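Shared chain: subunit A. Partners: subunit B in the first complex, subunit C in the second.
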Partner chain A sequence: MSDQKKTFRDEKEMPLSAVSATDMRWNKTGSWRNVKPYYDPKTSPCIAGCPAGENIQGYIELAKGERYEEAVRLIWQNNPFPAVCGRVCYHPCMDNCMRKEFDGSVFIPAIERFLGDYAIEQKLKEELPKERFDDKIAIVGGGPAGLSCAYFLAKRGYPVTIFEAKGNLGGVLRYGIPEYRLPKDVLDAEIERIVDLGIDVKTNTFVGKDITMEDLAEYSAYFIGVGLQRSRRLGLENEEANGVMAGLEFLEAMNSGKPVEIGKRVVVVGGGNTAMDVARSALRMGAEVTVLYRRTRAEMPAIEDEVEEAIEEGVTIRFLATPVGIITSNGNLKEIKCQEMQLGEPDESGRRRPIPKEGAYFALKTDSLLVAAGEMPDAECFQSVVSLNYGLIVADEYGRTSHEKVFAGGDIVSGAATVVNAVARGRGAAELIATEIQGGIFNPKTEKKVVAIADVNTAYFLHKRRATMPRSEGTHGNNRFAEVNLGLTCEEVQEELKRCYSCGVCDGCDNCWVFCPDVAIQREEGVYTIDYDFCKGCLICVQECPRGCLSVESEGK
Partner chain B sequence: MKIVIEGNHALSYGAKAANVDVVSAYPITPQTQVVEKLSEMCASGELDAKFIKVESEHSAMAAVVGASAAGARAFTATSSQGLLLMHEILHWAVGARLPIVLGNINRAVGPPWSIWTDQNDSLSQRDTGLLQYYCESNQEVFDTVLLAFKVSETVMLPTMIVLDAFFLSHTSEIVEVFGPEEGAKFLPPFKPVDYLTPDNPMAFGNLTSPDSYYELRYKINKDTLRALDVAKEADEEFEKIYGRSYGIIEEYRTEGADTILVTSGTVTSTARAVVDAWRDKGRKLGLLKMRLFRPFPIEDVRRVLGNRKKVVVIDRNIGFSIGGIWAQEVKAALWNMRKQIPIFGFIAGIGGRDITPDVINEILDIADRLEYPEEEVYWIGVKDGQISYSRR
Partner chain C sequence: MGKYPIAEDELMTPGHLACQGCGATQAMRYALKALGQKTIVVMPACCWSVIDGPFPHTSLKVPIFHTAFETAGSVASGVKAGLEMRGDSETTVLAWAGDGGTFDIGLQALSGAAERNEDIVYCCYDNEAYMNTGIQRSSATPPGAWTTTTPRGDRKRRPKKKIIEILAAHGIPYIATASVAYPNDLIAKFQKAKGIRGTKFIHVFAPCPTGWKSAPELTVKLARLAVESRLFPLLEVENGHYKLNKDIPQKPVREYLSLQGRFSDMTEEEIQRLERDIDEFWQSLLIKENSGGLLPGITS
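The block that comes next holds the complex of A and B.
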């Protein structure tokens, strides 16, 4: 404490106004504090929302600086399929975006797609692994889960062989998702980049038929990612009639360029993404399409955008209706008898259970009935090595099964889920497999705190309208199978990037430094520290941090 | 460069010519255009200053106090209720000796709501210690911004520049304006002695015992008095550079006059015409325009009024029960001369009512008729039985 006390003899000696005689740094005002702010950058909510854990905020920052190659390589660290997922993912990242309630979430998939396409256009290649290991690993199933697992193992330097039952890699991406949503050249380019890591691919090789489980014993480990291959049947009489077809079968024929006759009037059963893909594909073949779904729009499992686009294109959806009878003539489908439904009590999925409305029936004359009422596992051949539950392989989130050398992930474990889920499980299993082979202890990374909406100061957000993605012309004419969503231009992407607020991530804006009334914040090499000798705990820095990079704790904790 | 601008923009251009560093203000009719123009200037880079948006006038004044304490040249503007909300911080700016310049557009105080002019908002800040200039034309407004900073930064006290709502604020006139380079010839960069800086953190305005507070107040009074000479010198220097001068008061046709009309603000322009008309009729009437209210130019007022037969003061304001504020000040200034000069106090134009030549003639007729005022304060034009108002 300063003990200098000055007595003035004359007003002329005095300053104009009261001012301390000395520098005030001796007065450690930090002792007044009862709450304590601390520098605490967090994880952006978009990242927390991505099942694959893509560093969305990170690649957006790189892309803002037009560092597109670095940006896409950052995505590849978590997901080798940005061009695919930028098109088909259900983007939970956008549900978590802080702008959602402000002026609409950042259009993250459009940005991801742009970066994925950039890598394809620039023919960017993977960096080859620095280390090489001898432990051979087999991947059963060349869909998104298997390709993801193969990719991350190959990048670590493991020799990987993929066994694929069909003629080409891609699984549901190739045979399930139609061209107008995911062009084959885009898919091919991303798969090619993955395979170019030196992955050995054995197509037309059905494990359990073409090779046996015993043949896989020579591998140090294997990963099962075979997805769901069987369509659920309606269980109605005459389901074998001409004109009744499984939705997946129809899509596979379309995607393989095989001729398929569906006639003028088509009825599709189901409310998931497959049903939407089937309906929109049938529409493009010139048919009038009616979808029957037994619940209402709110309960539909399909991605909201897909439903929206299907309706815009002219698909009719009859909600609260289900087929109960198939009427044939000479073995050919003629008419479908339908039952009207109503919603009852919620079932185990939390959705209200559809129950028949007594006596309410109607009939639909139709040429085809395409059944997309769900897919089922076909994993009996693995029964000898791993435990199954209702046909699905039992495995934890990192793919560990009941067998120490066998790992599994994707839809065959989760049931019908998403592409990004399969990618995430494939990568998780790759990490676990690599760790187990090396004899290490598997210790998955613990995530940082996720920033909450209450942490960010939206007063600093400027309103800026989200980009809209241009669409192709329509479902008729020569280009009817061409891609619907056309992507954003580089300029549009740059404008959209500016909407990202990097929530939770410090960008060195200096607001805390500027606002601190006690000059108690110091900045060194982009990191802020608080001088607790002077911080009085007013928390203005916390309030004025636009991105929520400061947290508070009680004093003396 | 000559441009046609309203009085509010004359304040904005004045602040630009003074090369202010910080502007903080909250919009209020009839001041809004001052701030609009300055925010545009800051946004476009035409003026290299920080514009701080705030949520009230109290904060606006507090923000310029902070800026000024940190050594910046700071400007704000307000009106009426806004000025009243600033009141606490006006005292602070004076006690902290911060040379802030504040533009106030005279607007009547509510209730009832009024947006029209009168002087009660600014004159009721009499004892805050702000220096106060009253302007008659847009050119005078522009020039006074530079003069105000010069005086403020010399004596380290804030200044308020006052102009009438609408009669000046929204009326366009030709104004000779210039930018900061030309302004710097008269007004060099502000260099404070003590200021807030993290490099040398000092405490300001802290608790001060009776041992020192008294002297600090004494010093404010001393420097306020010094401001009279400083303002005169500044005016002379200004004239040398730019060729225009206003003085701290202005005498108009006072030579040989036995009655002097005392006015402030835009009424002065009307009064000039009335004085001309009376002079044409051979009447010995002159005009004293009060430009500086604080510090009050006692010696100059005594010199101009001390040997007249009558003094007639027009007040567009009211000190309830005692009369117009300018009249009170004039009476106080003349009292110790021990000459009993009759001082007629007239109230007119409150709440923006027009003060026409007829109103001034009526005032002068009353003063002319009487040897001594029969009432302490005359309200001119109060409706008396001939009221016609609409109930619509």
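The block that comes next holds the complex of A and C.
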């Protein structure tokens, strides 16, 4: 009850009828509550899906406000390669996007690419580290894993040296992925920005051949990220014949501008990204290309978009077929004998195992056979230092190997994986290395609460089609090696940004404040608080939050 | 989704006695945000006469005149006349009645006020039964619904009274429907009503978790589904001219029904009949809209 008292001196001062004197704030309706809503920002599912853990929701929010520089710097905190990954990543972020079932996932890689390209156009530089340490770190291999590890160590102020066997940095990004998917000037620009942090680069230095690990004794720690360098062989007779070539070798020659002769008819073996890259590159050289894959499209390990684009460009894919014989004449490839396959029981990878269809053979006349049936490790030179398993270096998620000073990551640990996996492992190892050198306790894992589909209220979102990226013309003519996917314009990116729900992160939409029947939510400068003196626990705020920023707990527990 | 263009001032305070998830409370909060401080509320017996709190307390920062069940229309007329006699033409008189006090008990007084074209805003917040007395059916209760006076085995069969049509027949200058799920729309309609002289009638759809046997957190969702399913179309009738909100994509009514215990006994046949009724009502509204107003309006 209120303490307010009103005294009337005579009748004239009194109102004509009974009039309320005080409000109802004495009545603390919070005691009615049996469940309690509370603000609980969560991780967007796109972020949870990104192996590198890029703050996708965060950079989208910044980009919406045209704060592109801040947005790209936010990406760099997790991945120094937005222009590269925006082009070549298999974008698991999009598979996780809450918009997927509504009207199609947000085109996250197109946004990432735009921001990466913005940084290149604006010639944005890294901020140099504030601290400097003396402990030198050697990075073996200048591909995505090694560059990522070097980058994150250099940003922390460690002197880093990269030892690269080939003539240039980039690894698979340079020698594996063709120009039409990843232009070299884009790659060069991102590598340059990384190296400009003060990274020492020794190219044409093959650790294990030109120098040994023992020669590098002056370093405090080592990171091995040498990738998979050997193409898997088919194990057929005549595999040494003229016209048979490893897919990686072919791509490397193409990417280094070395002349390659493949003839008019080309057969590619394999169903991964290398096979697609090989097939589409051969197509651009004017060949008629047939890909042989022993399973069906559903089992292909290649990125779905790459398969789609390859088929659109005119690559023929023969599913359920595998080469079983190479027929030559005078040491030159003439014909490939192929076996038809069918799918049997699932194997350990969960994909259905291909088994030969008895008596079903066919022959393909061809000028070249490009084998892209997988890549294999070549890490024997490290076996005196670290443990290997089936040729791969044994290391945990953060790159810790059997040797306390040696760390490893990327494909040489994971087996054939992805660019973003290599970047993530490089960064993880950098964190671990820095902590170990400082003698700290490494505790990287933080529990993430990820937004679930049930938390999102799509009633507040309008259907809006995803932007489509324009493509260059054709695989023939003068520009046939030019980039295929042309990116989005600034205006298109802005439209696409608006499609983001901003899952799990409050954007001040006011729904909770507006719909509270008990006026129990206060709003001050975009921050909401719940007044538990009055909140009755109806949970309308939780239900009507479009992006799942509130959670519920039981009262009295 | 941008911010809501809603006044910061709260003329309804917390501590009120509404049940968890009460739609009628949201309606009051928005209406007062739209009408502002210079408002007098005339309130017959209804949920809100309880929600407001016991004497000498009140949840509203504007005067409320509590009155008898059947008198919202006549008392509001009288209050307005009194204000005018004192030279106050600024203050809005808001008659605030439930569906019982509007569709049933207060219909005569409302009809009288509308016929005289009294300069009042009459809001019926409709929770589709006599809720605070124990969920008895009203003529606003929809067919198929359970109430304590239309129990299981003898649920309501008669259609919901088309109150908008009754008011339209009076030829008053402004009639609108609004929903607590669309606060911007609701507020805009109250503000528009404030600027019109004569009788303004606003029919607000306000879900009642207690009476509908629905989860309190679903209040806004149910109000939204009622509009989306065209069970409760958003419309305005200005001087006899119908204007129907056709921008909201239609959704089946089944989800709306399935979220409420009061409809749990509805048979497939009843649902299909309801779907037909929804379509026919919508078509009839379209015809009225296209005809440019079948009823003569009053221009003030």
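We take it that the second predicted complex is superposed on the first by the 532 of 557 C-alpha atoms of A that agree within 3 Å, B and C clash if a C-alpha of one lies under 4 Å from a C-alpha of the other, contacts with A are read in each partner's own complex, and residues count from 1 in each chain.
Convention: a residue touches a chain if its C-beta (ideal position, glycine included) is under 8 Å from a C-beta of that chain, and two chains touch if they have at least 3 such contacts.
The structure displayed is predicted, hence computed values, not measured ones.
When the shared chain is aligned, subunit C comes close enough to touch A:538, but subunit B does not. With both structures placed on the common chain, the touch criterion links A:548 to neither subunit B nor subunit C.
Of the two partner chains placed by the overlay, only subunit C lies in contact with A:459; subunit B stays clear of it.
In the superposition on chain A, contact is made by A:20 with both subunit B and subunit C. After superposition on the shared chain, subunit A has more residues touched by C, the comparison being subunit B against subunit C. When the two complexes are overlaid on their common chain A, residue A:11 makes contact with subunit B while staying clear of subunit C.
Once the two complexes are overlaid on the shared chain, A:32 sits against subunit C while remaining clear of subunit B.
Once the two complexes are overlaid on the shared chain, A:519 sits against subunit B and subunit C alike. Shared-chain residue A:508: touches subunit C; no touch with subunit B. Subunit A uses residues 18-20, 22-25, 27, 519 to touch subunit B in one structure and subunit C in the other.
Of all the residues in subunit A, the ones that touch subunit C in their complex are 18-29, 32, 459-461, 508-511, 514-515, 517-520, 531, 533-534, 536-540, 542-544, 546. Residues 1-4, 6, 10, 12-18, 20-23, 25-26, 29, 52-53, 55-59, 61, 64, 183, 209, 215-221, 224 of subunit C touch subunit A in their complex. Partner subunit A is touched in their complex by these residues of subunit B: 95-97, 156, 193-194, 198, 200-208, 211-212, 215-216, 218-219, 223. Every residue of subunit A that touches subunit B in the complex is listed here, in rising order: 7-8, 11, 14-20, 22-25, 27, 519.
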